[in-house]
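One chain, subunit A, links the two complexes that follow: it is found with subunit B in the first and with subunit C in the second.
Moving on to the complex of A and B:
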């Protein structure tokens, strides 16, 4: 396999990384809202969040992507396929991250909240200064896991026409008749990216303030 | 006669159908150390948590320096809940020390002690930290200011927790089994800090299994058993000549464990 083909795959990985990173970030923001709704005492908040999560966890991402890609133009939104891909991935990862966060918030030791109550924190201050940082620490490993899952799932956005690693590999394989070499190279690139994320995650976990070293 | 720091009247606490505190009447004198003792499950921790409004009493009233805590009786004698802001303002007079320390793990010792000054009282960072340092020095931990809770021993963590409560200049300090989670050799450093506070005249309510501490530092001893307050009195009455049979029995278990020098 020539160096040029490999370079093309590496270039395509920019799309993989870009779409994944943006989706993780947007998904995280949505997940904060969803988890707050899940933990809310009000049914009117909890039920829609539960429905959202069961939908996006219960339908294959591939189907979600195709649905969103076709649905948006249907309702008059002519957006580029990259936008459809990011919307699909963000909503999907939001559902998973919301469940992680809910677990994290529920695992914040009650005593830490009581200690904050005793020194006069308002519920909002308890949330911002105590619950969020501690829930983040508790859910950080799961977040890294989710980032890796999304990186790999991003191969699915090839179906809406985005030339990321997998799509590029398919195109190159059919034009060069070297599928084994090309897909091996693609696998290697995925491996390196996911490895880096895992490594960064482990480093980040140890760098969190107050982490047990 | 001076007003008691805390006054409890006809307090009842139920968890579901289980009554854990029954008709508690208690006055906590100002400037003194009051100890709540009793066997496990006697309700002494629950009573202390009611005084901090971490548990809401099912019936009865608590006043802190004359102000109703959590509930008040309206003109018709009906018990009504007070708004959250009022609860916070009464609570501001109270500092609480927990069995499990409950330090915030993502903040240093200095951060734990200065946090409420900054977040709640809007004190500037440098001043808050200066004031926090004074408290850390008081508990002998100024050289651990930059350490996270995970880097401190249990005794050190509990002393930071005491400093955290003291930083807000409470009028009353509540201690919920402050040494029960510590190795025996670490209890001394915490008890010493508490002794210093007692000498300064802090109003303290201590739930403890440290009968030795209760006997030597305590000025009012209350004995609870099965959710009832059986006896309140001076340490000499409690430890020298325990008249109540249940109290005698309870103390015997301690004397058997080598605390006989107290008798």
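Moving on to the complex of A and C:
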């Protein structure tokens, strides 16, 4: 396989990384809202959030992407397929991230919250100073895992016509008749990306305050 | 979207056969994956570094690359090295190997979670390695690995939808074909999502039921 083909794959990986990063970020923002709804005592908030999470965790991402890709034009939103892909991936990862965040907030030690209460923190201060930092610390490994899952799942956006690594590999494989070389090279690029994220995650875990050394 | 139930009713036999293929691939892939995953985890535990290292690398590669790329490699690359498989056997093979990689990690964690004292107690009683696996590690592990196994089962079911891309006649392929044929693609995809959702919810509930039933034996593992 020529160097040129490999460069094309590496260039396409910018799309894979870009779409994944944007989806993770948007998904995180949605997940904050969802986890707040899950943790609120009110049924009226909790039920819709549970419904959302159950749906997006219960349906294959491929089907979600096809659904959103076909639904958006139907409700009168003619957006480019890249937007549909990002919406689909963001909603899916939001459901997973919301569950992580809920778990994180629930496992903030009660004693710490009580101690903050005792020394006169307002509920707002308890939330900002105690609950959020500890929950973020606890959910960090799960967030890294989710980022890796999304990087791999982003290969599915090739079906709505976005030329990221997988689609580029498909195109190259059919034009060069070298599927083994091309798809192995694509796999290698995915491996390098995923391992880099995992490595960065491990480093981040040690660098974060309150790390277990 | 004007939802016409006749579209579904007319194609009911095809939809049911699609569900059947998906369930069959899922269960077969899981069965092979569990068996192979257990063999891999056991070989890595007892086989020494020479076996552990290459198997570990293979597992990492399978877990670090998208399932779609693995399918493409097998389906389009296979014929170049003399392995021409039809979509169904190729899909089943890929799903099984993918499942095995993930299950081997579940079992590896399971092995690690059994208290070492129990294994030593077995050794003191004169059990051999096979007996220790069969009588001590496996029963205790079964409880520990159940929740992650159920999780993984759900992930595999959802991953099996990707097989539609190489035209395995499973649920996604069947229902989206009906959708294009009837000019009702959106309705078809919607139906597809609902069917998957129902199967996943049912599997997850079944898993939780098994967990509560088996949790009475939990004390043995603590």
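Assume the second predicted complex is superposed on the first by the 213 of 213 C-alpha atoms of A that agree within 3 Å, B and C clash if a C-alpha of one lies under 4 Å from a C-alpha of the other, contacts with A are read in each partner's own complex, and residues count from 1 in each chain.
Note that contacts are C-beta pairs under 8 Å (C-beta built on N, C-alpha and C of every residue); 3 or more make two chains touch, one makes a residue touch a chain.
What you see is a predicted model; the values in this text were computed from it and never measured.
Participant: After lining up the shared chain so the two structures overlap, which partner does A:120 touch, if you call subunit B first and subunit C second: first, second, both or neither?
Facilitator: first
Participant: Subunit B or subunit C: which reaches more residues on subunit A?
Facilitator: Of subunit B and subunit C, more residues of subunit A lie in contact with C.
Participant: Between subunit B (first) and subunit C (second), which does A:44 come into contact with in this model arrangement: first, second, both, or neither?
Facilitator: After superposition on chain A, A:44 lies in contact with neither partner.
Participant: Figure out whether A:207 sits in contact with subunit B (first) or subunit C (second), or with both, or with neither.
Facilitator: neither
Participant: If you look only at subunit A, which of its residues touch subunit B in the complex?
Facilitator: Within the complex, subunit A contacts subunit B at residues 109, 111-112, 114-122, 125, 129-130, 133-134, 137, 208-212.
Participant: Which of the residues in subunit C come into contact with subunit A in the complex?
Facilitator: 1, 61, 64-70, 72-73, 76-77, 80-81, 154, 157-162, 164-165, 172, 176, 185-186, 189-190, 192-193, 196-197, 200-201, 204
Participant: Can you tell me which positions in subunit B touch subunit A when the two form their complex?
Facilitator: Per the stated touch rule, the residues are 52, 54, 88, 91-92, 94-96, 98, 100, 102-108, 115-116, 119-121, 148-150, 161, 164-165, 168.
Participant: Which residues, counting only subunit A, touch subunit C once they are in their complex?
Facilitator: Contact set of subunit A toward subunit C: 54-55, 57-64, 66-67, 70-71, 74, 148, 152-156, 158-159, 166, 169-170, 173, 179-180, 183-184, 186-187, 190-191, 194-195.
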